[in-house]
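In the two complexes that follow, chain A is the common piece, with chain B as its partner first and chain C second.
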Partner chain A sequence: MQKNKITGWQLCFLTLQTQLGISALSMPTDIAAEAGQDAWISMILGGLTVQGIIIIYIWLIMRCKTVSYFDFLSMVYGKFLGKMLLLFTILYLIFMLLMVISSFQQLITDWINIFTPTWMILLLLLIPSLYLAIDNITLIARFSMLISFFIPVLLIVILFVYAAPQFLYLLPVGSEGYKAIIKGVVPAVAALSGFEMILFFSHYIKENKRSELKKGLIGSGIVTFIYIYLIISVQVFFYIDELKIVPYPVLYIMKALSLMIIDRVDILFLTFWIIISTAVCINYLFVTGTGVQSLLNLKTHKYAVVAITFIVFVISIFIESKVEINMIQNQLFSMLLVFAVLIPTLTLMVSFLRKKVGDS
Partner chain B sequence: MKRCVFLLGCIFLLTGCWDQNLLKDVQLIYTVGYDVLEDGSEQTTTVAPPVDETSEEVNIITTNNHTVRDSRYHVDTVVAEHVDFSKLQVVILGKDLAADDIYPYIDVIFRDPKHHLNARVAMTDTSAKELLNYPVESQKNKSEYYAGLLVSSEIIDVIPKMTLQNACTILFDPGIDLFMPMLIYREELKRVEAVGTSLFSKDKYTGVYMDQEQTTLFNVLRNKTDRIVRLTKRYTDDQKPEVSNWMTLEFKNTKSNLKLKQNPFSLSVEIKMNGAVAEYGPDHLVGTKKLESIEAWWEKTIKEDTEALFVLLQENKSDVLGLGRMTAALMPEEWEEKEWHQKFSELPVQVEVDVSLSSTGIID
Partner chain C sequence: MKKDQKRFKKLQNINQCKSFNELIEQIDFSSGNSDDLTTIVLDYLDKQTVLLYYESLVDTNKQSNLLEWISEMFWKTDEFPDTIDVKIQPSDLSFTEAIEFLLDGETLLISDDSGIWNITSIKSLKVFQRSIQEPKNEQIVRGSHTGFNENLIVNLNLVRSRLKSPHLIIKYFSIGSHSHRKTALIYLNDLADPMLVEEFTMRLNAVDVDLAFSVGYIEEFIEDSNYSPFPQFLNTEKPERTAANLMEGRIAFMMDGSPTCLIAPVNFFTFYQSPDDYNGRFLVGTFYRLLRIASFLIALLLPAIYIATISFHFEIIPEDLTLPAKRAVQDIPYPPLFEALILELTIELIREAGIRLPNPIGQTIGIVGGLVIGDAVVNAGFISNLMVIVVALTAISSFVVPSVEMNTAVRILRFPFMILASLFGFTGVAAGIIILIVHLIKLESLTTPYLSPIAPFHVSGIKDTFIRLPGSKLDTRSADAHPLNRKRFGRNRWWKHAKK
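Right, the complex of A and B next:
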């Protein structure tokens, strides 16, 4: 097996894990806050929007050829502007990392380990992530594939909702009006964030690029379906006003469950979920590391990853209150819009105008 | 060097110690009662199981403070251990509290991550403190008695199942009113009895409860029946001994269909019940025409009972069947949140009952 090379399916799982790990547990509340009981419609629209964005990515990546997106930036915009854009992209990725690990820390603190200091929780997440992130992409991709058997666990546990579903809570369809549904697309797309991984990982695909890249679409498609399923499950369980005040509705459902042997499924489930959160952390650490490698023309990304881990750890210690974390989470969509949508689209257009293609 | 790294790695295993929660350090509360006193302060009564398997002593503590959380902290200051609600089985609300707005009192339960949301909720016609302090002659210790009582009554459908999570959803939903099992102390038995279902209008107790038979019908109407649906009625008047006048039916399948109709806005109820005669002394029933007349008689009786049940609900403006929810979902043009209770109390109801009896048990 050749190193630094991934297959289409591995790309699919890399994006899928990243997307799920960021917001699967909390996203129904965010979307319901805007779209009310039509949240699931917003999710469908959000999923379609993301599919559109990924098609733009694939187009862009085909023009990059074997060059990575990071390197392609300086090819298209020239050395100075390209490096500046790359720097900002790296800052964006660090922002995402901060958001992921502080949300994770908040979840663990709120839900299980109330007395454990936050720096310890952060450390326990970052150390294993660092260990994998300094390795090569093949290994990380295999890890993402390996842990995907946790996803059916999530789907099956939530199935218990359908013992006594209240489908009337979904009716009448469209009662919130099209304005609310369109508004809900914003948090829906934010919930799907992580799809930009396709942009950063796809140059590792070496063979049959065009057909393999399409599997990236499948990854995001699967996530959209999982999210629609989760939203509908949550909606037939909670009354909509109740849903709006429950920050982790998916976990809350598990908390209300009582199985014969296991009383608190949510706590058991969270121990699985920590692994998916770790995968997200690994993916972002790796991508940020390769970004810095490209910025500073380093030989490997190893030291860059170590430095970033350290920086992220130090900053995240100071992010303590829920208010601060919410503030960061609220910036997610605008950041996503700029760095995952506008800049890649602009890059694609400029590369057409200046007739730049990777490898040339 | 290797050993050093190994040992360092082991340090991380110790991080779990921050959140250790040892059984010897906590007092698990199995049953809790909440009351509101005349001055508006809150009174919490906690019942913890005996520490020792052999002893019968349960630990009943009552504290009185401004808020639920306050009272809880107060409990902590009078017991040797740390009070822990993570294995809570039953929450009992006193009558005065139930007649008040109940959400603020149970809010603390939903907010606490350690809390058990599957605990059952019930109310009593006195104060919860009184109920929990009555002597109970039960083989089980008192802390577990109430949970066992509720679960076994749920199985025979004389009370509805109501957990904290269900109650929370209902409290948020304007289209359905709260209901919960009613517990009353029986002096002569020295035990507590689940007598039926208390009716709320919005989140306030109306002062009325459905008896056991009405609750069975109520469970049939909302299609939430448990294992046994049983009805006993006086079928004839002239038989001797008196016991022969009574007939008990057990239903295997029951299905009810509630349909809202427009022009005029009304409700049609269809109940299908399929069961067997469980007890009727006088006659052999198989192969005779009698079965048909018994079916017809039961259809008529259940129809009357159902109509009476709807009158009771409508008089008390207690929409426990969630017709408001149905209206909001299926006929949004008829749904007006503020006027719903008025509209509900005037809703015409047509009832149709279909009873079919298939067997008579293991003897003819």
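Right, the complex of A and C next:
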């Protein structure tokens, strides 16, 4: 067993976990705010867009087989510009971490731990993440795969919606007009954020073949299907006007559900969800750590991860109000556009022009 | 005295001694004048002879036979009879070596043959051993009831007679700087990964202790992680289980004086496999596997979930249960964590008290503890009866694990979970679960991943973890031990299809 290497399927689950953990619970509301009852169509389009972006990634990665994306930046743009871009990418990753951490903290504070101080919840999320993020990629990939066994729990619990579905809420299809649907693609892609992990994880793959990388497409595809399933389930449960004002519609469905032995499924489910969402923190912490390692030419990413965790912890203590978190979340799409779409595409084109290939 | 010591230290080998008296003095000095070192000097004409042995180590029957023979025959012939196991030693034997022979229970016969020392060692060790019994901590319903005892050779016999294969390799090691203890590494050289054998050998060679008094003690010197609560070696006292694990490509380690056999590399699920699973029907085996995994979760999480529910999330209790639950809890003066801690600690006390007491008293302790404390503590209003149910269920679940070490790991681990639950509710439990999972993922047993068939995921490994498929379907060995040949056997039950 090679250390510090992953298989194609592990890449698939790393991507899947990162994407799923970020916004699965709140995403239907955001999309419905733009696309109304055609939110699910926007999700399909969003999923296709992401698949397109991942194909661009695969082209890019095939040009830098053994070099990490961070190092490839310096190879393509030269030392100074490359390092600058790397620095900005790290800032972007820290931004993502902040967003993820504070959204989770907000969710937990809203839903289960109303009186627990913010910093305690942050520590509860960050310390377990740090414990794994300082270790190597193989273990992180194993964690992501193990955690994926919890995903069916989400799908099965949501199945209870179909005891009394209102499929009429979906009709007429396309009533919002194509403009609204296209507008809905923006939050849909934002909800799928996390696909950029393929860029950062790909050079760990044992055999850097196109077929292995394509398993990243499968991961993103599975997430798209899960999201479409969730959106449709939410839409046949809530009337659209209702949906637009419900913050975590997936959890609200569970709140309505009452089993014989457990009355509030949502609280128990959220316990599972915290475990799933930690995978996101772990993945981002690890990637940011390796980014800093590449920037400062460190031997390990260990201390970088510890430092980043501390920075994220300190900053997120000050992000308290919902308004601030919403502000951050609104920036997500434009950040994604720049760092996950524009820069990789530009890098691909420049590397074509300058005939740079990262293959040792 | 000091001057004497100096003179003695000069001599290294027996053949440096000039006179017979000097030899005896030297031996006495090297053994520290221990009273149980018996020296018998025999004189006959010019042949001076001394017989040396530890009377505390030798077999008295053998010894009297030997003396009888020596007094009658030794002066006449050089040939020893076949009944006596002798070995001629070189005449330049050092005193340290001589003492080692004596400590191994041999008798040294040193005779002066016209200026040259003739040294003969005679095997005369007396071994006291327990008969072969069923190990009390690993009782099974069906299957072989044979267990190891404290004699290494007997134990190796039990293993080899079950695995009659030329590929079964036994390597001896001597551990302990003060007292050498014979230990053995057992593996099948056509199955066990040579890298792992090398790793195990390296770790054993690195052990530097004064006295290796038990296998469990040595385990701490060779395991991967000292600070993990989880056992990284499987302990077993059953030859049948050892043989089955060797057939998986695993490596076994045994020591003279200890009936326990250490097996590595193992994974988490190995500890939940009982030999009974394979003797019964597969549905029953699968059911009990699932039950044991569930018991792991119950023993670990039930008190924590109860505490979190009572102190944070009362709303998850269904409507019909709310009133009974509230009635049970409302008059209790302590917070749920203290209730749980008091009761859990009581159970641990009862267990610890009962374990070393003779059986009849042990039962009394059980009754006093279980009935009197359990009942009285509820009547007194210290602890709610719901908590008694929870703790009792937890205690029973924790004893379901067929491995003692895993059982202790689970019992220790539920305390941090209880504390986390009382501080943060379900969020704390979730954080605890993550740390536990991450720890298990990081943990290694002889450099192989501990959570093997699950992380990293092997579909073929699942056949014998949560579930147990029928024996004929278990045709591949588990991947975590990297066996050289994954295929266990070929196609079975072909006659089932051939009839049609």
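The rule is simple: the second predicted complex is superposed on the first by the 358 of 360 C-alpha atoms of A that agree within 3 Å, B and C clash if a C-alpha of one lies under 4 Å from a C-alpha of the other, contacts with A are read in each partner's own complex, and residues count from 1 in each chain.
What we mean here is this: a residue touches a chain if its C-beta (ideal position, glycine included) is under 8 Å from a C-beta of that chain, and two chains touch if they have at least 3 such contacts.
Note that this is a predicted model, so its numbers are computed, not measured.
A.B. asks: If you stack the two complexes on chain A, which partner ends up touching A:113: first (chain B), second (chain C), both, or neither?
C.D. replies: After superposing on A, A:113 lies in contact with both chain B and chain C.
A.B. asks: So, A:124: does it touch chain B (first), chain C (second), both, or neither?
C.D. replies: After superposing on A, A:124 lies in contact with both chain B and chain C.
A.B. asks: Applying the document's definition of touch, where does A:307 land relative to chain B and chain C: first, second, both, or neither?
C.D. replies: The answer is neither, since A:307 touches no partner chain.
A.B. asks: Can A:257 be said to touch chain B (first), chain C (second), both, or neither?
C.D. replies: First partner only.
A.B. asks: State whether A:275 touches chain B only (first), chain C only (second), both chains, or neither.
C.D. replies: After superposing on A, A:275 lies in contact with chain C but is clear of chain B.
A.B. asks: Intersection of chain A residues contacting chain B with those contacting chain C?
C.D. replies: 112-113, 116, 120, 124, 127, 258, 263-264
A.B. asks: Write out the stretch or stretches of chain C touching chain A in their complex.
C.D. replies: 312-313, 315-319, 424-431, 433-435, 437-439, 441-442, 449, 451, 454-457
A.B. asks: Can you check the complex and tell me which residues of chain B touch chain A?
C.D. replies: So the residues of chain B in touch with chain A come to 12, 15, 18-19, 86-87, 113, 116-118, 163, 165, 168-170, 172-173, 224, 322, 325-326, 328-330, 332.
A.B. asks: So in the complex, which bits of chain A are touching chain C?
C.D. replies: Interface residues on the chain A side: 1, 108, 112-113, 116, 120-121, 124-125, 127-129, 131-132, 135, 139, 142-143, 145-147, 149, 258-264, 267-268, 270-272, 274-275, 278.
A.B. asks: Across the complex, what residues on chain A touch chain B?
C.D. replies: 110-117, 120, 124, 127, 164, 166, 168-172, 175, 237-239, 241-242, 252, 255-258, 263-264
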